[in-house]
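Shared between the two complexes below is chain A, which pairs with chain B and chain C, respectively.
Our next item is the complex of A and B:
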């Protein structure tokens, strides 16, 4: 039982570090694109025009979302375990729900933008 | 209060104690341990504190001086005094026995928990292992072996404060020296002991231990090394 805990904690740690590497790359691409593309200000039409129907952006934001959904809940789990007196089980459940929530919201956004008909 | 007098606040009692303030004459080359000794000998014989060698070898006189953990024997008053005042408390994150004396049991138990004892692979009948001082692993071990177990890093570490079961910098520094000892055979078990939530993976790399270690050791680097070895072991299915 204890050895299982050690193993799972180690895998969580590794998953968070690996997702951080993916995030670092994704965030740079995301921000650079935003700065380059957003010369005329942020608008739905502009974003939809760029990403809708484009499988490359679908894959990119899908990867980005997967990394966020792994990275953020594990980090929140650590923060909650260190700063509150909640049990490991409860914290695990709470942060898993958080991860799921972020993932569902993200999937809706990405698919929504992909399917959106660009406004010409 | 005249200029050559120091106002020294010293913790008295257990965890629920309070500060008592004493006036001590300032002298040249005076250490914080000199202050405590003066107070106990001439002002308050009931004061309890620990010391042995007085020269930075034994590691028993560590206390919190003006908010920072340090060896009192190697701390000159002139380097730590603030506006003629010095506040001396017991080390943090360890239970106070009385006044400036803490119970070091947890601290040393964690060395054992981190598998900090040498596991021999040979007997006295075998040849003496030849280890070159310039060997890479030996140099990594050498970088950490001068720890004298004073508890300054442990008392400084924020993670120890947040997670009472966290092994702490000193115990893991010890484990790292053994991980790099080619004569030792206990590494699989040692890595299992230092992995997990109470071990190396919880280190925030804030380096308070590095900042405060009187021996100028780098426990954060040792813990980073343990993280790498732990992950390697996990990937090989050895954890």
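Our next item is the complex of A and C:
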């Protein structure tokens, strides 16, 4: 039992660090893109024109989202375990739901934007 | 009232990493939802984007950019010390991480329309 706990904590630690490395690359690209895109003014048409039908952005945002969906819940798990008196089980369930929620919301957004017909 | 462990830059770096992390975890679902409006209600998103280009909202947005940059640079410091080993210049790394984050925020703000 103890062995299992140690093992799962190690896996969570590893997943947190692996996703962090992926996120580091994604965030640099994201911030750069935003600063460039912002200059012409953001609008629904601008966003759709930039990302819809572009497989490169689909892969990028898919990767970004997957990494966030792993990273954020594990981080929140640590915070909640350290700052609340909730049980490990409950915190695990709660944060897993958070990750799932972000992932589903993100997939819908990313796929929706990819399939959108750009308005010219 | 001596809390000497708090009297160290890496304690503040820890606090900044934690606060920025929690703020990002709250911000991201909202951000994704707002973006999904592009698909479901483009006019509403355009209205939101017009509102977000007002000075006060731009400043708040810049704050979020600084939080993201701080979580990135602070996270890189942590990855460095976990995988590459401890270096004695942690305080320099903290200062560098904060400096870079503020610079990114400034670049964002200066380019905001």
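Everything that follows uses one rule, which is that the second predicted complex is superposed on the first by the 120 of 120 C-alpha atoms of A that agree within 3 Å, B and C clash if a C-alpha of one lies under 4 Å from a C-alpha of the other, contacts with A are read in each partner's own complex, and residues count from 1 in each chain.
As a convention for this text, a residue touches a chain if its C-beta (ideal position, glycine included) is under 8 Å from a C-beta of that chain, and two chains touch if they have at least 3 such contacts.
Computed from a predicted structure; not experimentally measured.
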Partner contacting more residues of chain A (chain B vs chain C): C
Is A:72 touching the first partner chain B, the second partner chain C, both, or neither of them? second
Given the touch rule stated above, what does A:98 touch, chain B (first), chain C (second), both, or neither? second
Using the superposition on chain A described above, determine whether A:44 touches chain B (first), chain C (second), both, or neither. second
Just chain B (first), just chain C (second), both, or neither: which does A:6 touch? first
A:14 contacts which: chain B (first), chain C (second), both, neither? first
Going by the contact rule set out at the top, does A:58 touch chain B (first), chain C (second), both, or neither? neither
Chain A residues contacted in one complex by chain B, in the other by chain C: none
Write out the stretch or stretches of chain A touching chain B in their complex. 3, 5-7, 9-11, 13-14, 78, 81-83
Within their complex, state which residues of chain C touch chain A. 18, 21-22, 24-25, 28-29, 32-33, 35-40, 42-43, 45-46, 49, 52-53, 65, 68-69, 72, 75-76, 79, 82-83, 104, 107-108, 111-113
Provide the residue numbers of chain B that touch chain A in the complex, in ascending order. 159, 162-163, 192, 195-197, 199, 201-202, 227, 230-231, 234, 239
Chain C-facing residues of chain A, complex: 17, 20-21, 23-24, 27-28, 31, 34-35, 38-45, 47-48, 68, 72, 75-76, 79, 98, 101-102, 105-106, 108-109, 112-113, 116, 119
